[in-house]
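Multiple structures are listed underneath, in structure tokens.
Look for chain A in each of the two complexes below; its partner is chain B in the first and chain C in the second.
After this line comes the complex of A and B, so read on.
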């Protein structure tokens, strides 16, 4: 039996890896085609204003040199061949390997994204539990109303207002950057730079998830097992924390997994508003300047993050609720 | 034998936007140690509401309008939620209808049982586990050590109901409220669970309030039977009295509607009409519109409980000295089996 388990586990891992590879491949094709369909000229970003004074012959040579003249399929095959060798091409705008452009910034984004991601879900769960415990009380209704109102504040506007109040008037927090020059390793300094972007991220995502979790908890509180737990003499608090939250956990984990792109896109806006050097701001820029190679790399990184996180969510769910284990049989066939 | 649970003139209503729903109306009964009292009646007659209100498990809009609940000599009617919590599981516990949904699907059953033990007893986790295993053994679950770690979905319905029973009995309560504990189960499993409830409760002197609409189940288990209609107890007596000498026309109807009788008479009796709405009920006996023996006074005044024997009471005007004498239906005419 255990040996059999072992084999099926290996098989499962292999299947998932295969699925991952396939998805990434499809993603790369789609992103490749879409980027090239967009109107605009990549030469503009490579040569800047110099393009306007170039002759058509010079333009053709430039295109050939950058490999932009070949048919789309040839371009793609060339690109993916290089990508497999770890070469993601030159960034047209920065004129250095795309990898070198991205690697120093990815850490900044991950720190900001991960912190806000964890904080959003931690606070959302706490808020949801507080609301569910006092369902339909004055406090619950007030929180629901305020939460909804705040959720609809545009985050770019909130960012600007925060800068105005806390950076310009009160001078408590810096208005831009990830750290002061030469203090990249100073954690406190980084934290000070992260406070305002974090506030924007949390405010713009918190209620959406808190409300979702609150609804799930309230559904759960109406289940029969809650009555049995109450019949044991457990307090409402114990029931919510020990029973309901555990049963809602798979849902929260699933929401967390599919929300990664959502929160990540939030970092993009926060990065843009606060001029925070990260791959979010870089992605927007690369799309704007037709920086194909850089864009492809960023899309692949983001895609890999999203797919890996949903795979991780599936694994975590199986641990929490063994009924979710894949049996190879769909619910309709059972 | 002492009285462990006494309910007197107990009324409970739900406040709803449409008005007051009188779910339980002037109910009174007493439960002795080790006694099994069955409450029977149609769906919606207030059986479950009565049970849940004893443990105060009802939503906030349920309001006690009158009466008292006395548990082990203490009037618990006005107990705070906090004090009720210390009673639940310890003095009074409840088994629910559907064992498929009353256990938490994600928590191993062992943990759900020890949770109930640890709530009321100051003992270590190991001791609690030992107690839980003992409980599972008493509930006749084989391989309790293995089952202890299992999630409910791996167990059968009967097995789950045994676990629910183990949870309910974990802290040796004085009163067990069983709300149709066998309705959701297979017939063969039903009898096993019934026998289990019967034997454990008789052994440990636990009083049981047993809710059911299945008269066969009631006949097997109950010492006394209360018949409930529209939130009221219309007849109460020993099982013998209710089954062999019923006096209320509603009880006649219930007994007559048993499929087993239809086998003999080739005709399935039913009680005409539907149960009344308990939203602003009219004056008089609520059963009158469905009662072929209804008297004029039935539509005007609620009948009091007439005493027939020291243990047998029925609320019907037919028992009034001035009432015409009405014979119970023929199929009920069989003397008590000795």
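After this line comes the complex of A and C, so read on.
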């Protein structure tokens, strides 16, 4: 019945939203507890060395002003209440509202993350198909060996070596930043800055996913319908592209869904190595300076990004593969 | 009646003995085939170098040779010196100790948390299992690096133990998941049922019955967790969140990489990185040896 279908669809959306809210709540509690139980004194990071020359009365007023004197639960409720109004407190390092520090950088991270995410999976699928077509040939084995070796290359080291070669010695690409000063709208300039981080992202993630997809494709090639297709006179290429890849597509999408945190971690490292102004570089910096208000906001933003995008991937999965809808199993049960 | 010159029979004399083919012992070469020997030898060399670092090092690894800042590799400083004037050749061997021990300790922590968690989740009823796996799933849905950052900023100054603790405590989810799925497969076999009926305690079931049966299938994950932990350590140290510069490890040596870029001293970047890379790859290829070959069936293509 269509009406019933409609209702269950609504119910599912509501359930997902509930799950999202619950996860965010837990995440915020955990982040808050971590930040408040930390030994680094927030006063110290806010006022710097001036703390030592303050009188005890000044210290107390400073604590009250920053809201550090109330019990933990009150502080949490106050914090979350303000958070709903978009106020995440002052960044202790930048002396600005945390949201103002973060909001111009989200776009940069999204551009880098999304581009590398799509490129990684596009190239991984192509590589996997190429390997599966020539299974056990010399080229396939060579690619497998090289791929495994490259996968264990620490990505920050690769980035540093790339800077050493391409921006210091050959001077082809800039070594840091997302754009030159005053050229934020210049797409070519942005692209030039993105080349090296993208290379690092792709090289450090490509093989992990290509190998997974290759394995799935090889399993698929052992199915009986491949024999039938072969008997029908299709070429190997046609079989892999038209039949096998289509059957593997839902698996690729669910791999894509689980991979989001992994790729995002990679973005963080790439941003830090190339001084790319994004939320990754910022969160590493704020962890270094014990800037907890900023770090909490960044944890929440990253959490929301990850959860929302894996929900989106799950929905896409249901659209392209109706089998998923009925079972509704999550990744770990398969 | 068989005739005398039937080809199936042979007329033999009284002293006849059946020919026994000499059973050839497999040669050394054949026995070593398919085993990761080069990786093993390289790894042993590196480990031995780190263990006997006191003999190998020709300078004090913590000493600052201020007359010899940023020297390229030469006959006195085999791998050159860094921007603080320390001898990289000696630091490599001393630093390897810390890097390898962080890898091993993190692996131990990952096993200590991941294996019991997976076993409990695998043996428990559906509801408990679902909750436990949801928790693991939720925790692993946050980028690993971010959890590490949070913990690092909370703990503050790092030493070898806290760093391995942090890496271990954020890295056990994949292991727990694999252990759980393995336990699910053997949980209803007779010996596990019998053990549970006899009322054997959970730790005993785990160590006597479960672990021996799935150890071969988790070995790959366990071994490669050493290399991923070492990689994580070096990443954190590079970002300035791991070990401080005065605790020598391959990662903390690389934390001078940014300064080396400005000074254009390639040996500070390349040499520790190559050691790290070679070690990681050796460990991984050892791990790969224990990986189960999944599809041996012939392809239909």
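Basically, the second predicted complex is superposed on the first by the 322 of 334 C-alpha atoms of A that agree within 3 Å, B and C clash if a C-alpha of one lies under 4 Å from a C-alpha of the other, contacts with A are read in each partner's own complex, and residues count from 1 in each chain.
Please note the rule applied: contacts are C-beta pairs under 8 Å (C-beta built on N, C-alpha and C of every residue); 3 or more make two chains touch, one makes a residue touch a chain.
Source: prediction; values computed, not measured.
**Student:** Assess the superposed three-chain arrangement around chain A: do chain B and chain C clash, or do they fit?
**Tutor:** Aligned on chain A, chain C fits beside chain B.
**Student:** Figure out whether A:243 sits in contact with chain B (first) or chain C (second), or with both, or with neither.
**Tutor:** In the superposition, A:243 touches chain B alone.
**Student:** Would you sort A:215 into first (chain B), second (chain C), both or neither based on which partner it touches?
**Tutor:** A:215 contacts chain C only, not chain B.
**Student:** Mind telling me which of the two, chain B or chain C, contacts the most residues of chain A?
**Tutor:** C
**Student:** I want to verify one number. Taking the Cα centroids, what angle sits at chain A between chain B and chain C, in steps of 10 degrees?
**Tutor:** Between the chain B and chain C centres, as viewed from chain A, the angle is 70 degrees.
**Student:** Give one of first, second, both or neither to describe whether A:290 is in contact with chain B, with chain C, with both, or with none.
**Tutor:** After superposition on chain A, A:290 lies in contact with chain C alone.
**Student:** Looking at the overlay, does A:152 come into contact with chain B only (first), chain C only (second), both, or neither?
**Tutor:** After superposition on chain A, A:152 lies in contact with chain C alone.
**Student:** Figure out whether A:235 sits in contact with chain B (first) or chain C (second), or with both, or with neither.
**Tutor:** First partner only.
**Student:** Looking at the overlay, does A:223 come into contact with chain B only (first), chain C only (second), both, or neither?
**Tutor:** In the superposition, A:223 contacts both chain B and chain C.
**Student:** Between chain B (first) and chain C (second), which does A:71 come into contact with in this model arrangement: first, second, both, or neither?
**Tutor:** In the superposition, A:71 contacts neither chain B nor chain C.
**Student:** Look at the superposition and give the distance in whole angstrom between the closest pair of CA atoms, one from chain B and one from chain C.
**Tutor:** 5
**Student:** Following superposition on chain A, which residues of chain A contact chain B and also contact chain C?
**Tutor:** 223-224, 227, 230
**Student:** Would you tell me which residues of chain C are touching chain A in their complex?
**Tutor:** Touch residues, chain C against chain A: 133, 136-138, 140-146, 149-156, 177, 227, 231, 234-235, 238-241, 254, 257-258, 261, 264, 266, 269-270, 273, 276-277, 280-281, 284-285, 288, 294-295, 297-301.
**Student:** Taking the complex as given, what residues does chain A use to touch chain B?
**Tutor:** On the chain A side, the touching residues are 223-225, 227-235, 242-243, 246-247, 320-323.
**Student:** If you look only at chain B, which of its residues touch chain A in the complex?
**Tutor:** That would be residues 52, 55, 57, 85-90, 93-94, 96, 98, 101-107, 115-116, 119-120, 151, 153, 164, 167-168, 170-171 of chain B.
**Student:** Which of the residues in chain A come into contact with chain C in the complex?
**Tutor:** My answer: residues 23, 26-27, 31, 34-35, 37-40, 133, 135, 148-149, 152-157, 160-161, 163-164, 168, 175, 215, 218-219, 221-224, 226-227, 230, 236, 239-240, 261-262, 264-265, 268-269, 272, 283-284, 286-288, 290, 292, 295, 298-299, 302-303, 306-307, 310, 330-332.
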